[in-house]
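Note that subunit A is present in both complexes that follow, paired respectively with subunit B and with subunit C.
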Partner chain A sequence: MTIVGTSPIVKDARLKVTGQAIYTQDVNIPGMLHGKILRSPLAHAKIISIDTAEAELLPGVRAVVTHKDCRPDGMNSYWSPPRLMFAVDKVRFVGDPVAAVAADTVEIAEEAVKLIKVEYQELPLVLDPIEALKPDAPQIYEAGNSFTMAQGMATSGTPCFAATKGDIEQGLKEADISADFIISTPIITNHSPETDTTVAQWFGEQLTVWSSSQGGFTLHSILSMVFGIRETDIHLISNYSGAGHGANLKECSMRACITALLSRKAKMPVKISYTKREVFSCMSMPDKAKIRVRVGAKDDGSLTALEILQYHDIGGYGETHAVYSGFAQSSLVDFYKCPNVKFVLYTCMTNNGVGGYFRSYGPEMTCWAIEMGIERVLGKLGIDAGKFKLKNHLQPGDKTHDDTLLTESSVFDIDFTAAMNGIGWDTKWHAPGKGETYEGSKKRGVGLACATKHHTKNDKSVELKISRDGSIQFNSFPGNFGQGIGSSLSVLLAEALGAKYEDINTVILGDSDISPFTTCSFGSSTLFYGGHAILQAAQEARAILFERAANILGVKAEDLESKDSVISLKADPTKKVTFKDALQKPYVFDIVISNHVYGPAVQTNTGGRGGGIFPSGALAVEVEVDTETGQVTVLEACSSHNLGKAIHRKVAEGQVSGGALLNIPRAHRLFIPIDPVTGTPLVTSDDGYAWATMVDDVMPIVNITEVPEPLGPMGAAPIGEKSVAGTSAAVMSAVFNAIGVWIDDKPLTPDKVLKALGKV
Partner chain B sequence: MKTFEHFNANTIEEASMALESENAEAIAGGTDLLGRLKNDVLSSAMYPKTIINLKTISSLSYIKEETGILKIGALTPLSAIAADTNVQSKYSALAQAAGKTASPHLREMGTIGGNICQYNRCWYFRNPDNRFDCIRKGGNMCFAMMGDNRYHSIFGAVQGCIAVNPSDTAPALIALNAIIVTNKDAYEAENFWDYAVPGSTILAANEIVKEIQIPTPASGTKSAFQKFALRKTIDFPIVNCAVLISREDARICLNAVHNNPYRATKAEDAIKGKAIDEANAEAAGAAAVSGAIGMPGNGSNPGNKYKIQIAKTLVKRAILACK
Partner chain C sequence: MPEKEKETQDGQISRRQFIRNAGIVVGGTAVGSAFLLTACGGDGETVTNTVTKTVNVTTTAGSGTTQTVTTTAAGTTTYVCPYDNQQFANLAELKAHLEAQHMEALTKTRLVTLNVNSNDYIVEVEPQWTLAFVIRDKLGLTGTKIGCDEGACGTCTVLLESIPILSCMVLAIECESKNILTIEGLEAKDGTLHPIQKAFSEEMGFQCGFCTPGIIVTTKALLDKNPSPTTDDIKSALSGNLCSCGAYDSILKSVLSAANKGGI
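Then we have the complex of A and B:
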């Protein structure tokens, strides 16, 4: 391979850094109106009445919409339970949309929204997932506060999903040492650097939508369902997005529906841009949970039982898939050898904001719970957790309790060792709390966590065109939000076609009118399945090119090879034809190939849930804890991942370092405080939301392992999300190693650290 | 944001007259005011009808030392103060405080005058659309008292309000014994804030800060500033502290711990004339928080007793930094 593994210039780099790339916020159409959404100020209330009369009379207002303007069967089924775009009889979280206005200016729209009179009858609220399942808890839905995969809304306390192997109680009986504790995660949200925006315009019964999105056809099908129009009546444009994080899947569909509804009523184009306050109330809030962990081990550390009871708070509504993605996470329960395991997921409705995706949704908290369980017993035994993990993880060929087969890319011992060596583990690990003290008050410690995530099977298509002048373009619609997928696919294409990377001059990743059906980017699967699709297309195109070249040269097609967009005879390279010439003679011709890879048809580990493959990864960190102020600082991090094959090397390295860099703050400082009395988010702008910065956070050392994944395109393994999974676990175990005390709840803010140290 | 009149003042006198009109407010860098306006933090009745632009008044941005007094024009940006080598060497606490305020962009825009006149921080008070009509806005309740008060006062309420003054430069000015000169009067920095109205300066409606004056410390005097926040780059302080120590005097001021900057006189007494060492600094730290109460947590709110430990530590570290 000559191009795979190199780092040619990223396809859209120049347009982005020179500001020429058109993001949705840049889209302005003549006559365009501005929309604003009226959101519930209350976390739980009955809607008695909505009076829009005064708002409608305000000069400059062009349309006011409420649930009455929605088609009754136009439910957005990408939510659990399905919902209309506006609350009907009840609001269920602070920020629940109630009405919207389109007006000539943003200011008029803001004023008009305030003129809408909504009469509410306040209801008691519940903000804690375990409390929500109690019989006397406020009922958020008539059926109860639980959501299940089998029946939708269900009586409070019904498990969403359960998996088990062996006998937990027996395992705990056999244990010499055990632990039983509850840990909790805070509310956080996706925080896109882009202003979340949608523009919608109707042409008769046909709809055009510009939206920040991480994959168009999800949004496409929602718009089709909600408005009852055909797929081909919708043109969705999303060539550049400012972030994915999972946020640009479902909440952006609500914004798109509301924008389109306003536009249809006003008969003019409409733009809605979210304020930061809206971001902190209505964007998806992932991984909110209380988790009970029970674990038992023998004196030598070998595990006898591990039980994870996950009370997952999905707020007033949950994003479908996200609510039950926990079932796939159950595979992680016995990544460390343990005969008796149990995983139960309770999906709990509360009056918090909507539960939804975040890059690596689920494993971040599940890995954390598992690692915390194991480390507590190891900590009590004084065993080096890193070394224990190195010896006790599953190996390629082993199966998890649910029959997921670990393939050759699951080389955890290589990645564990590399991550540990990367931060100098052997010289830094010490018995918990027994290390040196620095500068009078600072303690250091190291932590290691397994970082992996299954990938999700899905469908990817590409349309490949090789033009008569030899230039190459391809279209697909996985979304383009900084993940570099266009460049990675271009590398695969150039390699497979024997083309110059530079000849692939047009990569279109977000236009539904020209791209064939593609599922959105999620579940670490875009390069995996998109790669298969582009390789198949390349193979077909190459066959046509070689056939034409063979005719020109008077040789057999099977005797040809191609490199740098030139086709030549293997035995005599002086006999050659350029791609361009091959397409000009004897007549001018464009090659167009449309190719589709259906995920489930690609043979992966069929026994496993959610798509099977678990390529290895590990994160090791060193932290410093200031025992006088409670501040936790991550000094060093080493993220080691088997990528199977790094297709575009810099893009692949960016996936690894970015996942760790962005998510490490979730362990020790990132949270949205919620007013315990009213359920109102108290962070409403960037200040106070301690997102990662290049100054505050350490850039992880990246180690790339390349043990090819046999099922992947040119050996590539799924990589998008796994670097996120071990972040909290590694940081929290490092803090334990530093101070010798466990802290149950994330994030490890100074109040919790000082309390654990007995200084509050 | 609502509509308002915007008036460019050419002189302080002009600005002062304009400020006498109903609901008029001054703007300099705007880093505090614009956020409040955009978010409709205040009730409609309190929303400014006129904004008086002070930036159009010439020659209010300067740093100069004259006859033993450092003079800083009210419109001097924080970035200029942080970068001034004379301020760095002789008025270290102020240079450090200005340099640790917010982010580079905000330090370029934000002025020293505005930094000491900014409104208090409280996420209930600042919640958009006047969501919580609290005591600070003329309501009758403090929502932080019952809600999440992890960043609030550890020295009790002022007129029922437990919001904190978030200025980084204010405690430095108090420690450095600064005088705040307005178009009407001159005040010792520690008397600049009002205890009758929560989170206010004592300025009259038409009064404008013109200049900050700081007596040049005698040789051998040292000062230092410490700030604690979740991130180094941008966050408001959870606690900060400025200390000045000369041969016979000590001045110590904490901020973000009370409605107004909190001068820790007991800590000053504890360290005055003593050797600067770990034990004495520790004792002064303990003395600084001897009156602190802190609030217990409830549910997801951890309360703010942990801030007492942080305040104690910052006082100790700021003293040791004056060694």
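Then we have the complex of A and C:
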């Protein structure tokens, strides 16, 4: 392979460094109105009445909409439980949309929203997932506060999902040492830097939407359902998005529907841009849970039982896939050898904001619970957790309790070792709390966690065009939110076609009018399945090119090869034809190929839920804890991942580095405090939320392993999300190693550290 | 706790809302400029940051020149009207006074000449319009992005008289005859990329690209002052530019590469 594994300049580089890349917030249309949403100030209340009369009379107001303007069949397939774009009879979280206004300016729209009178009757609220399942808890839905995939809303206490192997109670009896504890994750946000924006405009009964979506036809289908129009009546454009991380999957569907509804009523184009305050209360709040962990082990550390009871808080409304949050990753519950395992997921409705994704669902939370269980007993036994993990994980060919087969890319030995070596584990590990003290009050420690995530089977399509002048374009609909997919696919295409990378001059990633059906970008699957689709298209195009070249040269097609967009005779390279000439003679011709890959067809030998391939990854960190101030600082981090094959090396490295860097602060900094009385999020802007910055956070050492994934395109393994997994687990075990005491609640803010140390 | 949040939590209006409503800026411009000026190791004028008990009120009064009124009162926060120097106990009262007494001055649109990327633009601006809004929505230069619109993320950074400033925290009306450089001004007229843009291209110093214009212009200000920055200099200069893709490693490499190639 000559191009795969290199780092040619990414396709959108010029547009991005010159400011010419058009994001949704840059879209302005003549006559465009501005929309604002009226949101509930209460976390749980009955709506008695909504009076929009005064708002409608304000000069400059062009449309006011409420649930009365919606068709009754809402976004049933995409939200769990079903949800209209506006609250109907009650509001379920602070920020629940109640009405919206379109006006000539943002200021008028803001003013008009204030004139809408909503009479509420306050209801008791519940903000804790375990409390929400109790029989006397406030009922957020009539049917109960549990959600299950099989039944929809169910009586409180019905598990969403359960899996078991062996006998947990027996395993605990056999244990020499055991632990039973509850850990909790805080509310965070997955929002992106671009102020989340949608523009909608109707042309008769046809709708055009510009949206910072994560591509695919998911939003398309939602719009089709909500407005009762056909798929081809909708033109969805999502060229560039200011990051994705899952924020631009479902919440943007709410915004798109409301914008389109306003636009239809006002008969003018409408733009809605969220403010940061809206973003912090209304975008998906991922991975918030309480998790009970029970674990048992023999004196030598070998595990006898591991039980994870996950109470996952999906808020007042959950994004459908959020309910998968734990269970997809539950395959890993016996990733470290253990004969008796149990995993139970309760999906709990509360009056918090909506549950959703944050660059993966599950692993950051579930990996953390699993690793914490193991570390807890190893810590008591004084065993080096890193060395234990290195010896006791599953190998390629092994299966998890749910028949998920670990394929050849699951080389955890290599990645664990590389991550540990990356931070100098052997010289730094010490018995928990027994290390040296630095500068009078600082203790250091190291932690290691498995960082993997299955990928999600889904469908991808590409349309490939080789033009008569030899230039090449392809279009697909993954969206362009920084994942570098256009460049990675271009590398695969150039390699398979024998074309110059530079000849692929048009890469269209976000236009539903010209792209064939594809699912949206999620689940570390876009390069995996999109790669297969483009390789198949390349193969078909290459056959046509070779056939035409063979006719021109008077040779057989099978004797030809291609490189740098030139087709030549293998035996005599002087006999050659360029792609351009092959398409000009004897008549002018464009090659157009549309190719679709059906996800499950690619994988036939893996079990489990979701996808099944678990390419290996590991994260090791060293932390310093100031025992006087409680401050936790990450000193070093090494993120080692098997990528199968790094298709575009810089893109791949960026995924590994960025995923870890961005998410390490989830262990010790990031959280949105919620007012326990009102349920109101108390952080409303970026400067109250400790994002990773260039000075505050350590840049991880990146180690790339390349053991090919046999099912992947040219050996590539899924990579997008797994670098996120293991971040909290590694940091929290390192803090334990440093100070010798456990802290059960994330994030490890100074107050919790000092409390654990008995200093406050 | 930042002053703005404190006010918000007290049930009063935020600094940002205040700008929108009344057309004056409290503290914000000074904070943004001072921060970035320091970050770039500049030795120009020092702008004092606001402390909790001090309120800087900057506004454009009568003649179009900018005047700054700073009042410090030990133990009490005082809000001073920039037009008649009357004192008020809180922002809400000051706002009410401004709306009652000085509405005309506050809402009067004004013709302002902005020199953006060496081109003069004469634009009619309302007093509360931010520079970011005018650059994007009135001049159509959408290369400058708005992230938080409240001075926290660095996305909207442009160079004002060669100093990186947060354009969402500066009023356009304050920029009369000032030289402004946005991302669109870096590329040569013949289409050649600026060396910094070239370095960011080659090193892939971005992922989604949304924060990139702000980062590139901040880098330009850094390298103009300090052509051979250390890694720490770069981190410090870019500390106010958030990248939510976590591409900091390749951003750092891009700046180093630009510096090594003399990219100023």
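Please note the rule applied: the second predicted complex is superposed on the first by the 752 of 760 C-alpha atoms of A that agree within 3 Å, B and C clash if a C-alpha of one lies under 4 Å from a C-alpha of the other, contacts with A are read in each partner's own complex, and residues count from 1 in each chain.
To be clear about the criterion, contacts are C-beta pairs under 8 Å (C-beta built on N, C-alpha and C of every residue); 3 or more make two chains touch, one makes a residue touch a chain.
Here the structure is a predicted model, which means the values were calculated and not measured.
If you put the two complexes together on subunit A, you find that subunit B and subunit C bump into each other.
Of the two partner chains placed by the overlay, only subunit B lies in contact with A:Ile674; subunit C stays clear of it. Once the two complexes are overlaid on the shared chain, A:Thr684 sits against subunit B and subunit C alike. Touch criterion met: A:Val760 reaches subunit B, while subunit C stays clear of it. When the two complexes are overlaid, the chain among subunit B and subunit C that reaches more residues of subunit A is C.
In the superposition on chain A, contact of A:Ser657 is made with subunit C only, not with subunit B. By the document's definition of touching, of the two partners only subunit C reaches A:Ala13; subunit B does not. In the superposed model, A:His245 makes contact with subunit C only, not with subunit B. In the superposition on chain A, contact is made by A:Gly484 with subunit C only, not with subunit B. By the touch criterion defined above, A:Gln170 lies against neither subunit B nor subunit C after alignment on the C-alpha atoms of chain A. In the superposition on chain A, A:Thr195 makes contact with subunit C only, while subunit B stays out of contact range.
Subunit C is struck by only one stretch of subunit B after the chain A overlay, and of the options 153-161, 171-179 or 189-197 that stretch is 189-197. On subunit A, the surface patch touched by subunit B in one complex and by subunit C in the other comprises residues 107, 682, 684-688, 693, 695-696.
Contact residues of subunit B toward subunit A in the complex are 1-3, 35, 39, 123-124, 126-129, 131, 143, 146-148, 150, 228, 230-236, 238, 278, 297-306, 308-310, 313-314. Residues 2, 4-5, 8-9, 20, 136-137, 141-153, 155, 182-184, 186-187, 193, 197, 200-204, 206-213, 216, 234-236, 238-252 of subunit C are the ones touching subunit A in the complex.
Chain contact summary for the complex, subunit A toward subunit C: residues 7, 9-10, 12-23, 25-26, 28, 107, 192-195, 240-245, 275-276, 480-484, 650-651, 653-654, 657-662, 682, 684-688, 691-697, 699-700, 702.
Taken together, the subunit A residues at the contact with subunit B in this complex read 41, 107, 110-111, 114, 127-128, 277, 440-441, 628-631, 669, 673-678, 680, 682-688, 690, 693, 695-696, 749-752, 754-755, 759-760.
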